[in-house]
Amino acid sequence: MERPVVTTTFYVRYAETDQMGIVHHSAYLVWLEEGRSQYMRACGADYAEIERSGALFAVAEAHVRYEAPARYGERVAVRTWVEEVRSRTITFGYAVHNADTGQRLATGWTKHVCLDRNGRVIIIPDAWRALLAGGPRVGAFGDQQVWTEREAE
Amino acid sequence: MERPVVTTTFYVRYAETDQMGIVHHSAYLVWLEEGRSQYMRACGADYAEIERSGALFAVAEAHVRYEAPARYGERVAVRTWVEEVRSRTITFGYAVHNADTGQRLATGWTKHVCLDRNGRVIIIPDAWRALLAGGPRVGAFGDQQVWTEREAE
Amino acid sequence: MERPVVTTTFYVRYAETDQMGIVHHSAYLVWLEEGRSQYMRACGADYAEIERSGALFAVAEAHVRYEAPARYGERVAVRTWVEEVRSRTITFGYAVHNADTGQRLATGWTKHVCLDRNGRVIIIPDAWRALLAGGPRVGAFGDQQVWTEREAE
Amino acid sequence: MERPVVTTTFYVRYAETDQMGIVHHSAYLVWLEEGRSQYMRACGADYAEIERSGALFAVAEAHVRYEAPARYGERVAVRTWVEEVRSRTITFGYAVHNADTGQRLATGWTKHVCLDRNGRVIIIPDAWRALLAGGPRVGAFGDQQVWTEREAE
């Protein structure tokens, strides 16, 4: 089976490091979220739009496995894909690489549950389901380079 | 002239450090904000309540002067006072100290403008003006120790 | 079996919220870390001391399950315990509760691998192993209330 | 007088917002720092390299004036220039704009003092002074677009 993967590349920020001299582990959740945001943009809608429509995707579960440290000034690439879509939840998968050496730094996944404005769990609206099913389109977004590729599972 | 000062004490968090081995300068803005939150709680209302009433205090200007580094695991004390209240703005003053040695680590101020829910500048509602004019009361809040003192300007 | 649990209580900071009106999911990793720091302090050593000795505990894996949202101004309590100690790794377990209502907000665990200053995996030094084996002592640390309790597994 | 300006463009991250629905004011310090990092890269050296050489530029003072809110998903552009170089300090100036509408969101400056590894104030090493005096070169860095321009003071 194949699946589209969206890659988002950016510099490691100084503020993301800690006194161990490497990126703090909590920063990866922010990076995965940015990868997810780019995935949605590549699908033709941004998540800001989804929230304005009244559907929220709250994070229900998050998992990160740290394999190698990232350091200030390095460029990292977050590869993002959809792991599973169910009626009320969606799970994204991620791999973080050093964009220049290709070394894998971390893998992770986040599970999101669809909520309405009152915080009640709802079925993912058809419009967003269709959008996700359509998948990302090859392209570039703003100044950050984004592309899609097919990956054997 | 004298003015009440509310002191909020907490541990420096590991995530707040950077690769220089000291607390990142952006963390101080978060600390000042927490000092401000405690000041409001000591006045008898918390800021969450103010926001629910429809008035927001957006940060319009912030200034921090860093004098000595703070390090992970140290306890810091943020001393907070009201510098000036005008019809539409309020300015808080702060001094950050090492809670154990007393050494001053930073000073700063933040200016806030009162907005309604649509982002329009409004006159600070009487209820909140009265609350601030009443000033903080000596006491303790939750597990964090809070007290007031008189300071010569 | 029973195990000691250290509870760390603090206010939710404004900066920890996001536009969903609740605490951002990445903030929980910072909270768990602060729970871990307090656990170590309750054991009689702080983690800053461990790092100065040349041993680092790098985060190798992190998992959080979000059950209910935390909001600005609420007091949260992070309950921390040691899940497992092996020769080169240690796993901490956590539960985050609303400190006032008792509602459970999240559970999680983090696995740490012991490294020397050059980033090589090492066996956890005896001194730190003994310290962890000794477990936390009932007490209070700074202005934050900390206590231990026995919990059935 | 004219001076070179380096513009760094990126997306606003979800984690940078707060419950007011806009970017938290502390995030701007992180953005200014990233603007500063890009300025250095455009000068032909990155700040990581400077730190490895033994010179640190610690933040001594920071000032931000917030003019309009930034929101999740928007692209912001941080324009960075050198305001003043003295024997032991350097001051950077910044303006943050919405990259698409051009609206100015904030202005600010940060003053940095040069320290050696022991935290002592030192004269800025000649190598770094020459680098800064040389100024940034037009170009692109990684996936982020960076350019220089001349601006009337």
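Here the chain labels run A, B, C and D in written order, and each chain numbers its own residues starting at 1.
The rule is short, and it goes like this: contacts are C-beta pairs under 8 Å (C-beta built on N, C-alpha and C of every residue); 3 or more make two chains touch, one makes a residue touch a chain.
Values in this document were obtained by computation on a predicted structure and should not be read as measured data.
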When C-D is set beside A-D, which has more C-beta pairs in contact? A-D
Remotest chain, chain D as reference, centres from CA atoms: C
Inter-chain centre distance, chain C versus chain D - centres from mean C-alpha coordinates, in Å: 35
Once you find the CA centre of chain A and the CA centre of chain D, what distance in Å lies between them? 27
Which residues belonging to chain A are in contact with no fewer than two other chains? 14-15, 19-20, 22, 26, 29-30, 33, 72
Inside the complex, what are the residues of chain B that reach chain D? 19-20, 22, 25-27, 29-30, 33, 51, 56, 58-66, 69, 119
Could you list, by residue number, the parts of chain D that touch chain C in their complex? 14-15, 17-22, 24, 26, 72
Considering only the defined contacts, which chain C positions touch chain B in the complex? 9-11, 13-15, 29-30, 33-34, 37-38, 41, 46-48, 71-73, 75, 99, 141-145
